[in-house]
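Each structure below is given as structure tokens.
Here come two complexes built around chain A, the first alongside chain B, the second alongside chain C.
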Partner chain A sequence: MTIDLSAVPEGGIGWLSGGGEHADIVLSTRVRLARNLDGIAFTGRAREGERLRVLQMLRDAVPHLPSLRGGVLLRLEDLDVSDRRLLHERHLVSRELAGLDGGATKGGAAVLVGHGHGIMVNEEDHLRLQTVRGGLATRAAIDALLTVDRELGSRLPYAYHEEFGFLTACPTNTGTGLRASVLIHLPGLVLTKEIGKVLSGLQAMGLTYRGLYGEGSEVIGNFFQISNQTTLGRSEDELVEHLQRVVSHVIKREHDARRVMWREAGYIIEDKLWRAYGTLRFARSLTFEEAMNYLSGVRLAVGLQLINGLSVETLNRLLIFSQPAHLGYAEGRVLGEEEANVARARYVREALGAETDQAKH
Partner chain B sequence: MLCDACREADASVHLTKVVEGDVTLVHLCAACAAERGIEATVSTTPKNVLGEFLHAAQQQVASEKGSGDDTTCTFCRLTLREFRAVGRLGCGHCYATFEPSLRQLLRRVHGNSQHVGRKYLPPATEILVRATTVGELRDRLRQAIVNEEFELAATLRDRLKETE
Partner chain C sequence: MTIDLSAVPEGGIGWLSGGGEHADIVLSTRVRLARNLDGIAFTGRAREGERLRVLQMLRDAVPHLPSLRGGVLLRLEDLDVSDRRLLHERHLVSRELAGLDGGATKGGAAVLVGHGHGIMVNEEDHLRLQTVRGGLATRAAIDALLTVDRELGSRLPYAYHEEFGFLTACPTNTGTGLRASVLIHLPGLVLTKEIGKVLSGLQAMGLTYRGLYGEGSEVIGNFFQISNQTTLGRSEDELVEHLQRVVSHVIKREHDARRVMWREAGYIIEDKLWRAYGTLRFARSLTFEEAMNYLSGVRLAVGLQLINGLSVETLNRLLIFSQPAHLGYAEGRVLGEEEANVARARYVREALGAETDQAKH
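Coming up: the complex of A and B.
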């Protein structure tokens, strides 16, 4: 089956539109709740029949939930690998759930995509509920997700323990089951070499960081995901407020770093950032990593108001749509690495050109 | 991939550096990264932290009780030993089965074992699709009898009675 993304609400990437506070630095805020159904073995230990039962129970519940109205359920085993990659590139499913780590997709693995919300089914936990918002918006995201959670929990019996809270396969998620994370662009701190201090500071404050694609992924293009480390012993409100506070401070440090950089080496920075723009605007072949790093430069140039007429939405779209499975989807076929590099350069060139030309008129 | 600095050890830290707009990718081993003040890497977070906690918890429990490793969850048959090896619990009942060890572990991981977040009340029973749970319990009961696991079968029969 080939996926029909037009049937999926906002393509699952409504957050790209670039709204929200600090959207030039914070791409998105994501919150997720890990939930398991009572009386069924967790996914890793469940038989196929049990996983299918989890899926069926969710299917039966969804029509009764106002917050998930209009959602589309996709069964991953019905999709070929390039479609599963596409969903992963949109951060709608994890690598494991999509079977991209070499293992096959498990029976019952699915994702429900609603308006601003999603539910991964039969990931490490039976249900992983998530909400994504553009910019820094922890409060709005958690409020929306807790509504989904309350509705779903009044239909399905969650595994819950009076002392330990919501029960999860991994003890690092037990309690609230909440992971709140912010995808943030920190080129100023990387460039001024302040980033090491900031990152170790995060750990001292009970937060952790990862790369663009979550746990175990590399930091590419100066994009970091900052999230809470612990889930038990603090309320959902306390966890997201703490994250919001610390991230606001990191944003301030990033602005300070940009100011210092600009004051001390303005013309060098200006030259380098325009070169990054020039490369993206005219190159005929770009690897993904190159594109990410130059896009980081262009994003910084827009933040410093060196380049005008480029919207945050376009910058966000470029990050998502220049990934391999997206380029293949646009071309209607799976691309080899060389072909993808050429297609990427063409896509980036045209997207930047279109917006720059529009700005001129 | 070898470390860019010492060219001896395997690189485990991968950094994207942008120096005056020049983008370079630096690969370092853990020791060279530490020398440069880069403490955290993307891949050293929860999994390894949990591994250390599990190991420490294991040592402590072993020294306190001799061996509790054979404790088995009556619902999913996971043993404490298996949990320590994989770091994942098998079902909600594991939490009750391994309660003392888990409380200790949760305190180490989170600094606390008492949930203070949203309280949960299970849905009214009439809304629940009870048949699925009952069906599941029956499946497991049949399996337990076939496997001659009579102790498990008795527990499952009790749970089935409660549920029905």
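Coming up: the complex of A and C.
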């Protein structure tokens, strides 16, 4: 089966449109809750029959949940690997659930995509509820997600322990089961070499970070995911407020770094960023990593008001749509690496050209 | 005194306009004759009075020479160093004559600039007559120059020896006193790594080469000056015909190299050349060497018809006008190195933008 993205609410990427506070620096805020059903073995130990039972229970519940109205359920085993990659590139499913790490897709693996919400089914936990918002919006995201959670919990028997809270497959998630993260762009801190200090500061405050793509992936394009590390012993409110506070501070540091950088090496930065733009506007082949790095430069240039006429939505869209599965989807076939590089260059060139040919430069 | 370039015929760079055969590959053909006046010590040993006498003798002769009508005589000691640099960047005077190598300008040092011709006065030889044409045009250049030479010789007593021919300060010039050279762009041979073979071939055939700027300067931007090495024992016709023949062969080799390169790595080349163009279109600071290298890429892209709408004249003009003294002349003041890099980027950006914004890309 080939996926029909037009049937999926906002393609699962409504956050792209670039609303929300600090949307030029914080791409998205993402919160998820890990939930398991009472009396069924955790996914890692569950037999196929149990996994299918989890899926069926969710299916039965969904029609009764106002917050998930209009949602679409996609069973991963029905999808080609390229479509599963596409969902992963939209951060709707994990690599594991999509069977992208060599392992096959397991029976019962599915994802429900609603308006700004999603539920992964039979991932490490039976259900992983997530909400994504554009910009820095931990409060709005957690409020929306807790509504989904409340509605779902009233229909399904969650595994819950009076003392520990929600039970999860991995002990680090036990408690609230909450993971809250922001995807943030920190080129100023990287260029001024202050990023190391900031990142160690995060860890000292119980937060962790990784690169834009996948677990433990290296940081490219100066995009960082910052998230909470533990969940036990604190309330959802405390967790998201802590993240919001720390990230607000990081944003301030980023702005400071940009100011210093601009004052002390403005013309070097200006040259570097315009060259990045020029390369994206004219290159005929771009690796993903190159594209991310140059797009990081262009995003910074927009933030510094060097380049006008490029919306945050376009900048966000470029990041998502220049990934391999997205390029293949646009071309209607699976692309080899070199073909993808050529298609990526064409896509980026045209997308930037369309918005800036009208704008002054 | 500040130089008034508008008074100089075609600014001394009529060849820029890009006429002539193979003008996309051969920028210019240059021939010069070394002449000395009988009974006056060679410049290296001449006292100031003798040098001034040489200058006066030329001054008296010029009004009677049809081929030099409209020429302008510039005395180098009257000019600021930045203007002398400007003349050097136009290849109208040598570094030595312009006093750019630390030595001061000597009394009597001058240059006469006519339509396509020039005469350096009190360089290594008393008089160095030169003609420059666009493209590969050794025949036209030598014919024009021999006319100047004949007219001048009928007015001035040349130092001439029945057996050796024209006497010159350096024995390598004795005989015809002719040096013929072409400025040629060989990116295909450089990129396919065949240039080494071609250059050794030149030497085996009595020719020599150097980079675009100055004696013994390194090659940048894939621009080479190819010229004859000795002049004794051969006629002017033989010398220029030999150069013409060898250069025609080199041009053929360059075309072959471009064809091979395009067939075997077309998409890599395409990407590389468009990136060069993109960098030139948007960079805010460019060193001279960078500019030459990227302009070499753009010139190749025009030759391969990847980029349309850029004339050979514009490509030639970019090489000349992005040199430091030219940038300073345009800004009306002497520029520091960083200022020159910024001015260069602006000039190149605007020049390319003006021609290609109307063209498709």
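Just so we're on the same page, the second predicted complex is superposed on the first by the 356 of 361 C-alpha atoms of A that agree within 3 Å, B and C clash if a C-alpha of one lies under 4 Å from a C-alpha of the other, contacts with A are read in each partner's own complex, and residues count from 1 in each chain.
Everything that follows uses one rule, which is that a residue touches a chain if its C-beta (ideal position, glycine included) is under 8 Å from a C-beta of that chain, and two chains touch if they have at least 3 such contacts.
Note that the structure is predicted; figures quoted are calculated from it, not measured.
Once the two complexes are overlaid on the shared chain, A:Leu167 sits against chain B while remaining clear of chain C.
After overlaying the two complexes on the shared chain, residue contacts for A:Phe288 are found with neither chain B nor chain C. Once the two complexes are laid over each other on the shared chain, residue contacts for A:Glu50 go to chain B alone; chain C is not touched. With both structures placed on the common chain, the touch criterion links A:Glu236 to chain B but leaves chain C unconnected.
Of the two partner chains, chain B and chain C are each touched by A:Asp271.
Within the superposed three-chain arrangement, the count of touched residues of chain A is higher for B, of the candidates chain B and chain C.
Of the two partner chains placed by superposition, A:Trp262 touches none, neither chain B nor chain C. According to the touch criterion, the shared surface of chain A, contacted by chain B in one complex and chain C in the other, consists of residues 268, 271, 275.
Within the complex formed with chain A, the chain C residues making contact are 267-268, 270-271, 274-275, 277-285, 338, 342, 345, 361. Of all residues in chain B, those touching chain A in their complex are 14-23, 25, 36-40, 42-43, 45-47, 49-50, 75-76, 78, 86-92, 95-96, 102-103, 105-106, 109-118, 120, 122-123, 127-129, 132-133, 135-137, 139, 163. Those residues of chain A whose C-beta lies close enough to touch chain B in the complex are 36, 38-42, 44-45, 49-50, 53, 56-57, 60, 124, 146, 149, 153-172, 174-176, 178, 187, 190-191, 196, 199-200, 203, 208-211, 215-222, 229-236, 265, 268-269, 271-273, 275-276, 289, 293-294, 296-297.
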